[in-house]
Each structure stands twice: as structure tokens, then as C-alpha cells.
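Consider the two complexes below, in which chain A is the common component and chain B and chain C are the respective partners.
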Partner chain A sequence: MIATASRYLDFYRATSALGFKSFIHYRGAFFLGMIGFLGEPVVYLVVWSQVAEAQGGSVGGLTIDQVVTYYIVWTLVRNLTSFRSPLSWQNRIAEGSLSDQLLRPIHPLHDDYAGDLGTKFVIVPLWVPIGVALGLVFRPSLDLSVPAVTGFAVAVVLAWILRGMMFSLVGLAAFRTTRVSGLMQVFLAIELLLSGRLVPLSFYPDALATAAEWLPWYRSFGFAIEVASLPMTGREILVGLGASVGWVVALIALYAVLWRRAVRHYSAVSG
Partner chain B sequence: MRRVSAGLGSVAALVRLRVQHELQYRGNLFVHVFQSLVDLAVGLFTVWLVYRNVDELNGWTESELLVVVGMYLMLDGIISGQLNPNVLAFTRDIREGTFDFALLAPIDEQLMIGTREFNLWGMINLPVGAIVVAVAGSRVPGVGLLDVVYFLSMIPVAVALLYSFFLAVATSAFWLVNIDEILFRVFQSATYAGRWPLGIYPRWLQGTLTAIVPIGLAVTVPSAALTDRLDRWSALAAVGVAVLALVGSRRLFRRGIRSYSGASA
Partner chain C sequence: MHETSAAAVEVRDLTKTFRVPVRESGVRQAVKSLFKREFRDVRAVDGISFVVDQGEMVGFLGPNGAGKTTTLKMLAGLLYPTAGEASVLGSVPWEREHGFLRRIGMVAGNRRQLAWDVPAVDSYETRRAIYGIERGRFRATLDELIERFAIGDLVTKPVRNLSLGERMKVELVGVLLHEPQLLFLDEPTIGLDVSTQTVLRDFVADYNRRTGAAIMLTSHYMADIEALTERVVVIADGVLIHDGLLSELTDRFSVERRIDVTLAEPADLSAYGEVATEAGPKVSLRVARAEAAAVTARLFAEQAVVDLTVEDPPIEETIEALFEGDARP
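Here is the complex of A and B:
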């Protein structure tokens, strides 16, 4: 048991180091991309700040300060929960490189997670100057208490694992169809609406907000942001983390079942 | 004249080829239609969310903002069907050195790299957006035939702005090589910024969405023409900016070609 865990740890250490090194090679391009990517949260921030202003300083129960803080934390969480695209499964199958991965004594999913983990060590330092600049321009009011910071750290790790599992589940469609891009776009649209990426869930009608809170998309994004940017009790944070863990376990179980079925269909397109 | 005719003939052949290629994947049509409906639902839902709280957003009524959403969808159809596939193919060619083949083709390189890819089903947002503009425009008081003509005349301006921008971003691949991440993020930003009229943003962001990522300008100009917000001087200025953008991006592209040395050798 310990020997197995140690082998996995070695694998994660080596593969994430590889991910880090290959990612840092293109750090300039990625940094420019990060700046370009700010368009989305800044647009939301501006629109909803205006709506809040027009309503006397609040919208959906959030003050303008809280809206601003939400979208600034959004930029960090969005980067930390990015994951290898489901399209990579399409490419691996089309090009036959999955055959190599299947011959290894470790599931290809570990390769994705470990490689992606390494990129986070580049992303965070690159995000810091952007976060500081946003902070100076928009003046957020962050909750830096120990429960909030600890809760945020755990929530964002669970969000990353969860989003990776959801992406990998979408990627399994590549075993049945040669193009998964359409399905991926639909998935991203659902994610946009239900994860808290478009707006905090409290902006929605109550029934929709409550339903979205129980779905995995919110646990893979919005919950982590809310822990850091909105007032939450320790109990609320713990219950939320419990729900995240529940979704991670459920999706891993679902993936295990679907993977076994999908891989039986596999035959590389190229030699 | 013969060169232009040969170029147009080649473009027609390339488009025909891509259409035939796309027709192999007819099932994708249903996926793209569904995706387009989801895009539309997201746009309508967002507008509904905003107007649940306010009657006007910086002077834009709900119907007027829906015209913007429709215009955005139309341009998104052009981006997804034409601009995006060509830009991605071009940057891949630079990275892998296969841009050499485009240089050897007997037609203008810019024409070649801008027309050889075509995602037929990706264009679905174009007619969907046109329907949204028609329905929303009919709900805006005072919109007449002249406004519609004015709107249609501004669409080439919007397309020219977008095309120039995408060409300029793609051209940076000559120097930065791996710009897929930048492109992905820029496309995404454009997606979100383009759903709202320029006027609702603070001045510094209006400047960015006009000069650096011109999706805001491209969406707003035709929408403002239809909703009687675009005076003739602003329209002329938009035409001038579009012409400058076309000329500037062309010159940048030519400069990029001069610095290209091939990666395959």
C-alpha cells in the first residue's frame, strides 16, 4: 500500500515537474493570454456594478464591494481550475497516442492531473501582478480570516479536481464520436450558467439558485469564490466542502464505470 | 485582373472543398444547432437577468440590448465559421513550418490563409443572430426601412474590423510562435465583451474594446445604426477606422512574412 502510494507520488512529482517546465517555456505567451482573458470578468464586473448602482448600491443581496471582490477572486479561481481540454481525448484517439498511455501501468487520467498540477506553479506567480493591479484599480474587500483562507484553499483544490473529472467525462465521448467540440461547447455553456461564472448564484431567482447549488458546476467554481469573497460561517463552509467531496467521489465512481465501457470501444484511428 | 480572377477562382475551389468536407459530418449540424440555441439562451437569459433589476442600462432598453445580442451572434457566426478556423490553421502552420506551402501557392498569401478553412456548421449563429436582430428591432419604437439599410451598410464595417483584428493577432505567431493560448483567451474575451454595447463601459474599457479588441466596436456600430444612435460623422469615422485597420493589418502581415524563416528545415 505504502509502496503503491510512493510510486504514485513519484509519478506525480516527475510529471508535474515536466508540466511546469514545458509550460514555463511559453510563459510570455501565456501571460499575454491571461491579460486578454481578463475581458470576461471585467465585463461582468462593470455590468453588474452598474446594475447595483442603479438599484441604490446592491444587487441580489450583494453590495458593489462584494460584486467587485467576487469577480477579482473569480480571475484566480478561473486560472486555478483550468484543466486539459476534453478535445485532448479526441486528439489522443485520432492520433493513436492513447495506445501508448494504455500500455503504462497507470491510468491516463493521472497523467492529465499531474501535468496540469505542474502548470499551476507557473499560473499563480503570473496571476499575482494581475491580481495586484486589479486590486489597486477596483479596491476589493477580501475576507482574510483563517477559516476563509483555509476554506478557500481546500475549496479551490476540490474545484480543480471536480472540474478535471467533468472535463474527463466529456472527453469520454471521443470514444464514440470523432468530434467532441460541439458537446464541449454545450458543456461550457451549461457551466457558464450554473457554476457562478456568469453571475453569483444569488442573482438568480431563488429556485434556480437553490437547484444550481446542488449541482457539480457550482462546486467546481463559484463555491470557492464565495468562500473568499462573501460572508460565510464556518459551518456553511464545512457543509459546502462536504458537498464538493461528495461530488468528487460520485464523479470518480461514474468515470470508473464509463471508462471501462469506453475503452472497450477503443481502436486507434492511425497506426 | 487575371491575378484577381485566379485568386477568386482558387478561393471558390477552397470553399467548395471545405463545404464538401463539412458535409461528411452532417451529424455535427445538430450539435451546432443545439449549441447555437444554448448561446442564444445564454444571451437572452443574461439580458433578462439584468432587466429583472433595472428598466434601462445606461440608456439602452431591453429591446435595444437584444439587438446587440443578435448582432453579436451574427458576428460570432462569422468568427466561428470563418475567422477562427483560418487563424488556428495559420498559427499551426507557422509552428510546424508548413506555412511554406502557403507561400508557394500561386495566389496572395493573405487571401490563401484567410479562406482555406471554412466551418459550415459553425456559421449557424449568423442566421440565428439575424432573426434575433429582426425580432428585437421590430420591438424598438421608430425603426424604419432606412434604419435597416443603414444597419446593413454597417455590417461590412464590423466584419472588416474583426477580420483585421484576427489577422493582426494571428500575425503575432511569426514572432511569438505558440499563440494558441492567447487566441483562445482572446476569443473568449471577445465572446463576453461583445454581448454588450460599448456605451455601458467606463471610458478606459471603451478604448480597449475599440482599439485593442474591437469586438465592442464591431457589435455596437451596426446595432447603434439600427436603433438610431449612430450619427453620420460617427459612421464615417467607423468606416475610416475599418479601412485603416485593413491596411494596417495587411502591412503587419507582410512584415511578418519577411521575418518568417520556416520551422521545418
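Here is the complex of A and C:
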């Protein structure tokens, strides 16, 4: 048991280092891309701040400060929860690299997580100057108390794991169809609406917001942002983290079942 | 087939049928296929049986589409068979147990397994972790492989900057780091220059001698097969047509023999067989294998023969005839 855990830790260390070294080659392109992608949250931030101001200082139960903080934390969480695209499974099958992964005595999913973990060590330092610049311009009011920071750290790790599992589940479709991109677009549309990416869930009608809170998309994005940017009690944070853990466990179980079938199908039809 | 078997590979009646979509050309057919897809079954491997012993090197021959790669993929656990049984190092390969995967290695000449943007040494470190190789042993093995292949300056360059030959060497080193007991080599020398092919062959032979690993090799280059294996398994259209010594292939399948004759004076020998080459008094004849002895006797009786040799055709010609179906049983 200890030997196995030690081997996996060794694997994660080595593979995340490989992911870091591979990704750092693209740091320039990624940095420019990151500046480009800032357009989305900054537009949301400016629009909703204006709406809040026009409505007397709040929108959807959030003050202007909270809206600003939400969208600035948004930029960090978005980068921390990025994951290898489901389309990569289609490419791996088409190029034959999946076969190489299947020849190894470790599940390809570990490869994805470990490699992606390594890229975060490039992404976060690149985000820091952008985050600082946004902070200087928009002046967010972050809750830097120990419970909030700890809760945020745990929530964002769970969000990353959860988003990775959701992407990987969508990617499994590549074993049966070559049209994963269509499914991916549907997934991203749902994610945009229900994760808190477009607007905080409190902007929605109560019934929709409550339902969305218990769905995995919110746990893979918006919940972590809210822990850092909105007032939450310790109990609310713990319950939220529990829901995130529940989704992680459920999706891993679902993935395990579907993976076996997918590999069996791949093994039956690939030439 | 059981775990105590001394064989590295035991295959019995292994069959693989692929169900492939079929569609005729044209817009109408394209639209029709949206609603009703049609399939046909393609039997890529058809009930083959053979055994590979521990430490044995076996060449796997066959024309394109014969089923060689499909068979290797089944034995490496990448494909489920449609029927039949296989035991590889005591395991059922398609159950893909980690213990089994730790003991095999596969190199395909047209694929890359190393990370593209970083030097090979970084990927090697990941493979060390994946296979749980003890660091001291890993270092010693890597140093030996680097020295053997003379790739000290290559492993520190990003893989994308290497030539095909250089890349194949670093790829092979990556696959050998965990010292697999069974190595599947699928066209490992494809696209390589002659000297790199030789280095690769020498290394594979040395690896087999040193570790006692069993090796199954497919290649379109007969030089690979002749250099590395005595025994060959030949399949065509998914069916096993020969399992034995490479030298037996000629005896079994060669339909003709070559008679090189030197005459005292130039003469027309077309009545004795097909004249393959003619240079003054030196003539090379192709004759049916069964008639070789009689033709030789007639030449001695009817012509002023100075010198005469009877030879089998080169192995490449036999294989070519076999693949084209001319010599199949």
C-alpha cells in the first residue's frame, strides 16, 4: 500500500515536472492568450458593476465590491481549473498515442492530471502580474482570513479534479464517435450557464440557482470563487466542500465503469 | 495454457474480425449512410496458432494487411480477439494487468512515445517512475544504453529537433529502460538509413543475448529478419502459412531454382529455361524447381559446360512470390 502510494507520488512528481518543462516552451503564447482571454471577465465585471451602480449599489444580492472581487478571482480560478481538452482523446485515438498510453502500467488519466498539474506551475506565475494589475485597477476586497483562504485552496483543488473528470468523461465519447467536438460545445454551453462563469448563480431565479448549486458545473468553478469573494460561514464552506467531494467520488466511479467499456470497445474495433 | 508455461508466447486459434463501415461514393450514398450504416466483417487474423519460447527471437512476416500488427497488438494487450486464446508471459494479454504490462515493451517504427518538446532524458525519468525502476538500476541501465547507442548528445536535445534515425534510437532506449522480458518490434527500422538499421539490429541482438528476452519482430526489410531471427512465422490474409526456419522457406515455397552456367562458347540456352541474365558465355537460367536436376544433366550432356552452379533464388524473391500468392500452398 505504502509502496504503491510512493510509486504514484513519484510518478506525479516526475510527470508534472515533464508537463512543466513541456508547457514552459509555450509560455509566451500562453501569456498573450491569457491577456486575450481577460476580455471575457473584464466585460462581465464592467457590465455588472454598472448594473449594480444603476440599481443603487447591488445586483443579484452582490455589492459592487463583491462583483469586482468575484470576477478578479474568476480569472485565477479559470486558469487553475483549465484541463486537457476532451478533444485530446480524439487525437490520441487518431494518432495512435492512446495505444502507447495503454501499454504503460498506469492509467492514462493519471498522465493527464500529473501533466496538467505541472502546467499550473507555469500558469500561476504568469497570472500574478495580471492579477496584480487587475487588483490595482479595480480594487477588490478579498477575504484573506485563514478559513477563507484554506477553504478556497481546497475548493479550487477539488474544482480542478472535478473539471478534469468531467472533461475526461466527455472525452470518453471519442471511443465511440469522431464527433466529440459537438458534444464538447454542448458541455461548454451548459458550463457557461451553470458554473458561475457567465454570472454568479445568485443572479438567477432562486429555483434555478438552488438547482445549479448542486450540479457539478458550479462545484467545478463558481463555488471556489464564491469562497474567496463572497461572505460564507464555515459551515457553508464545509457543506460546499462535501458536495464537491461527493461529485468527485461519483464521477470517478462513473468514469471507472465507462472507461472499461470504452477500452473494450476501442480494443474491439481499432486496427 | 497456464502460468507455469515455459513459453513466452502461446497462441491458439487466435482470430480477430473487424466490423468496418462500408459506403459507396456519391452524395446519395453519403445521405443514405446517415440513416442506415452498412458494415462488413474483415477477418484480419484467422485462427493462427504458434509458440515463442523464452529468449527466442521470431520474425513475423507477411505482406501489408496480412494481420501482423493486429496479432502483435493482441499479444501486447491492445486488442481483444474475436476468438481464440493467448498466454503471454503467463498472462492473458487483453486483461492488461499492470504486472504484465511492466514486463513487455513495444516499439512501432511509425509512432513516437517520448514527449516532443523536451529532451528524451526528461521522458526517461517519467518512464522510470511509471515502471517503478530503482534509481541506481535506472542510472546504470540508461548509461549503458546511451553508450551502446552513442546517443549521449542526443538525449539532451528536445525530441522534436532529432532526425528520424536519431529519434528511433532514443525511442528504443526509452522502451528498454525497464528491461522488458518480451519485446514487440513492429517495423523498427522503417525509414532509417542503412548504418542506423545495422546499429539497431546489433543492439536488439545484443539485448536478446544479454537479457534472455523474447523478441517478436515484424519488418519489411529482409535484412532485419535475416540478421536477427532464424525462425519466421509467415501469415498472409490472416492465415498462418509457415512456421519454421527462415532457410526452410526457400525449400518449401521456392518454385524455381537458378542455374548459373559458364560455357566454352556463347550459346542460346533458352530451350533449357528462362534466361535471367546473359553475358557472353555466362548465362543465368531460371528453371522449375522439380526440373532443375534434369536440366542440369541435359546441359552437361548437350553443351560445352566450363562451370555450373545450382542455387536457390534469394530469400527476398521467395518471400515476394509468397506474398504475391504465386508460391502459396
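By our rule, the second predicted complex is superposed on the first by the 266 of 271 C-alpha atoms of A that agree within 3 Å, B and C clash if a C-alpha of one lies under 4 Å from a C-alpha of the other, contacts with A are read in each partner's own complex, and residues count from 1 in each chain.
Assume contacts are C-beta pairs under 8 Å (C-beta built on N, C-alpha and C of every residue); 3 or more make two chains touch, one makes a residue touch a chain.
Keep in mind the model is a prediction, meaning the values are calculated, not measured.
When both complexes are superposed on chain A, chain B and chain C sit side by side without a clash. In the superposition on chain A, A:R261 makes contact with neither chain B nor chain C. More residues of chain A lie in touch with B than with the remaining chain of the pair chain B and chain C. Once the two complexes are laid over each other on the shared chain, residue contacts for A:S22 go to chain C alone; chain B is not touched. Within the superposed three-chain model, A:V43 lies in touch with chain B and out of touch with chain C [touch as defined at top]. In the superposed model, A:R179 makes contact with chain B only, not with chain C.
Once chain A of one complex is fitted onto chain A of the other, the partner contacts of A:R139 are absent, as it touches neither chain B nor chain C.
Residue contacts after overlaying the shared chain place A:P105 against chain C, while chain B stays out of touching range.
Of the two partner chains, chain C is the only one touched by A:F11; chain B is not.
With the two structures overlaid on their shared chain A, chain B and chain C come no closer than 6 Å at the level of C-alpha atoms. Within the complex formed with chain A, the chain C residues making contact are 18-19, 44, 70, 73, 76-80, 94, 96, 98-99, 101-102, 104-106, 108, 111-113, 115-118, 122-123, 125-126, 128-132. Contact residues on chain A toward chain C in their complex (touch as defined above): 7, 10-11, 13-15, 17-18, 21-22, 25, 95-97, 99-100, 102-106, 263-264, 267-271.
On the chain A side of its complex with chain B, the touching residues are 26, 28-30, 32-34, 36-40, 42-44, 46-47, 50-51, 54-55, 59, 177-179, 182-183, 185-186, 189-190, 192-193, 198-199, 203-204.
The touching residues of chain B, counted against chain A in their complex, run 25, 27-28, 31-32, 34-35, 38-39, 41-42, 45-46, 49-50, 53-54, 57-58, 176-179, 181-182, 184-186, 188-193, 195-196, 200-202, 205, 213.
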